[in-house]
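Quick heads-up: structures coming right below.
Shared chain: chain A. Partners: chain B in the first complex, chain C in the second.
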Partner chain A sequence: MKYALFLGCMIPLRLPNLEYATRNVLAEFGVELVDMREATCCPDPIGIRNMDYLTWLAIAARNLAVADEMGLDILTLCNGCYETLKTAYVTLTEDAEMREKINEILAKANREFKGKAKVKHLLEVFYHDIGLQKIREMVKRPLEGLKVAAHYGCHILRPSEILKFDDPENPRKLDELVEALGATPQQYEMKTLCCGAGLRNVMSEYSIRMAREKLVRVKEAGADCMVVACPFCFIQYDMGQFEIRRLTKERFDIPVFYFSELLGYAIGLSPRELGLGMHRVKVDRVLKKIR
Partner chain B sequence: MLSEIAEKIQICVACGTCVGGCLVSRLDKRFRPMRIIHTAVVDVNRLINEPSVWLCSYCYICSERCPKAVEFPDILTRLRNYIAKHGNLPAAYKMLLANISKHGTALELDEFALMEREEYGLPDPSPSQETIKEIKSIINTSGLSVFIREG
Partner chain C sequence: MLGRRLPKTEFDLEFRKKLEEHFHEARTINYCFQCGTCTGCCPSTKITGRYNPRLLIESALLGLTEDLLSSPDIWLCVACHTCIERCPQGVKVSEVLSIIRNFATRKNNVPEGVKAIASQFVETGFTIPAAAAILKRRQEMKLPELPKPNTEEIMKIFEATGFLKLVRG
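Now for the complex of A and B:
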């Protein structure tokens, strides 16, 4: 298995610990990653798309063209990148007129969208390409007794007719992955609620209150921790707990894991190899529960 | 551009499903996806100075549940493009564009992340000057560069 690694912005520039954990975990599964040295911001599915749809599509198409040239499918670590790149891929594959328009713009940068490279989210690679069976075999430290609340995030599920990853109202693939690690997927109310990251820069109070809505329900359900598959969701729920404390005086103390970290721990990697010391809400208490 | 969405807007049956599932609507009664659609039907220019237009978080719950497949977030994208062209765009988005045009990424690599990357032995993630030139040429063709000068 070999992919063009699309890092995006948030993970390499703000959360390198998640990149480090993911690279280490994928190496254990024998997955080969080739860095996309010529890639740029995906670009983000809200800001740039809101300014000018065509520019957004063209920059995304340029990233896809880079992977076309590499002859590899793209692996993304972020829901935002996934939504942007996959939407661009689907739009340009299905709409010939738009494809021509975008390729005209790309020609000025000596690029061409060919539609060969497919876009895959990290969870798709784990669930479909590696598979639950292989993951179960690799687990050396089953996460027995750990109640994990899975947060999928919006842009891996919706719009479902484009992304086609899982059931948009009742997703289960991340829960199955959690189960494969020996942990118990903790169900909770309103699982598909948005983390609020989309409003972080324009209306931060709402963004914090949106994150709070989910944390309240996760806490009520009695989960030990949360697992996410996107760096934006990660920041919303990890650092967000301190922002909520400032705003409403509530304290949640729910450790948040990015999926590679939880998987890495279950297959026997050390907290150091997973960069687990970088979390705002400390994870030690949860790890002790496993040992 | 707006004629593309006019038709879609007309099929809304005002059932309110989009409002019911919307977390932002729950936090702020001034924000109603249905109301934005109806205002756009009457006169899209009324939205130019309407702050609530910028409150959608793009979670796509409304469009997923809409019985008429109105696809509010996609309509809103076109509306926001129109509003942006008429001079009203949140400063945060202008900054985002300025960053992408300058660095190729939405954020700058700060010293803390750089140190952390070195400690982990991770490669330099910064796009090359050649790559940034390509991105600039794309941004220039769209006329978006006007926001960079403002931002």
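Now for the complex of A and C:
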């Protein structure tokens, strides 16, 4: 298995620990990564798309063209990048007129969208390409007794007509991955609620209040921790807990994991090899719970 | 006097066609029957108390663009796309509203935070600046060098789409 690694912005420039954990875990599974050195921001499916659809599509197409030249499928570690790149891929594959228009723009930069490189999210690689069976075999330290609330995030699920990852109303795949690690998927209310990251640059208080909505439900359900598949969701729920504390005086103390971290711990990597010390909400207490 | 007086406002009856020219799927708003499912399932409506996708779609259909495109509230969408999943008429609600924001951007109705991201993006190709502390952390973890896209190449795309003018005004 070999992919063109698309890093995006949030992971390499804010949360390099998630990149570190993911690279270390994928190496254990024998997955080879070739960095997309010429890639830019995906671009951001909210801010940049809201300002100009055509620019958003053209830059996304350029990133896809870079992977076309590398002759590899793309691996993304972020829901935002996934939505942008996959939406661009689907749009340009299905809409010949738009493809022509975009390729005229790309020609000025000596690029061409050919539609060869497919776009995969990290969870797709774990769930489909590596598979639950292989993951179960690799687990050395089953996460027994750990109740994990899975948060999928919006841009891996919706629009489902384009992304086709899982049931947008009742997703199961991340729960199944959690189960494969020996942990218990904890069900909770409002599972498909957005983390609120999209409002961070518009009105941050609303953004924090939206993150709070879900944390309240996760806490009520009695989960030990949350697992996410996107760096934006990660920041909303990890750092977000401190912002909520300033705003409403509530304290949740729910550790948040990016999926690679939880998987890495289960296959026997050390907290150090996973960069777990860099979380805002400390994870030690929850790791001690595992027998 | 009999009858109701019309409000003193311009109706841009071509607005829905303009949306469609930018984004084919915008034609789906013609099927909207104003049931309000989008607003009912919208997390931003719940949190902000003032974001109302049904009303925004109605304004677009009626061509009430003056109010629509100058409203700061149109930016309160989190882009979760729940409305697209739930719309009984197949309207691509959040995607159409995103195109409406493209039109608002051309009237200089863009939140400062969004503009800041766009400026960063135009400058470096990424929406987040490379902070010294993060670069140091990357070195400590022996992570590979950050991607280094050719910014001149990307500038050619921005010039072709007119994005620079939107960002720099």
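We take it that the second predicted complex is superposed on the first by the 290 of 291 C-alpha atoms of A that agree within 3 Å, B and C clash if a C-alpha of one lies under 4 Å from a C-alpha of the other, contacts with A are read in each partner's own complex, and residues count from 1 in each chain.
Please note the rule applied: a residue touches a chain if its C-beta (ideal position, glycine included) is under 8 Å from a C-beta of that chain, and two chains touch if they have at least 3 such contacts.
From a predicted model like this one, the values you see are computed outputs, not experimental measurements.
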{"item": "When chain B and chain C are modelled together on chain A, clash or fit", "value": "clash"}
{"item": "Partner chain in contact with A:P142 - chain B first, chain C second, else both or neither", "value": "neither"}
{"item": "Which superposed partner A:I46 touches (first chain B, second chain C, both, neither)", "value": "both"}
{"item": "Touching partner for A:G115 - first (chain B), second (chain C), both, neither", "value": "neither"}
{"item": "First (chain B), second (chain C), both or neither touched by A:D95", "value": "second"}
{"item": "Which of chain B and chain C A:G182 touches, first, second, both or neither", "value": "neither"}
{"item": "Residues on chain A lying within both footprints (that of chain B and that of chain C)", "value": "7, 9-10, 12-14, 16-17, 19-20, 23, 35, 37-41, 43-55, 58-59, 62, 105-106, 108-111, 154-155, 158-160, 168-169, 192-194, 196-199, 201-203, 206-207, 209-210, 213, 275, 278"}
{"item": "List of chain A residues in touch with chain B within their complex", "value": "7, 9-10, 12-14, 16-17, 19-20, 23, 35, 37-41, 43-55, 58-59, 62, 105-106, 108-111, 154-155, 158-160, 168-169, 192-194, 196-199, 201-203, 206-207, 209-210, 213, 275, 278"}
{"item": "Residues of chain A defined as touching chain C within the complex", "value": "7, 9-10, 12-14, 16-17, 19-20, 23, 35-41, 43-55, 58-59, 62, 95, 98, 105-106, 108-111, 154-155, 158-161, 168-169, 192-194, 196-203, 206-207, 209-210, 213, 275, 278"}
{"item": "Interface residues, chain C side, partner chain A - complex", "value": "22-24, 43-44, 46-48, 75-82, 84-85, 92, 95, 98-99, 101-102, 105, 110-111, 113-114, 116-118, 121, 125-131, 134, 137-138, 141, 143-144, 146-150, 153-154, 156-163, 166-167"}
{"item": "Footprint of chain A on chain B - complex, ascending", "value": "23-24, 27-28, 54-61, 63-64, 71, 73, 77-78, 80-81, 84, 89-90, 92-93, 96-97, 99-100, 104-110, 113, 116-117, 120, 122-123, 125, 127-128, 130-132, 134-135, 137-139, 141-144, 147"}
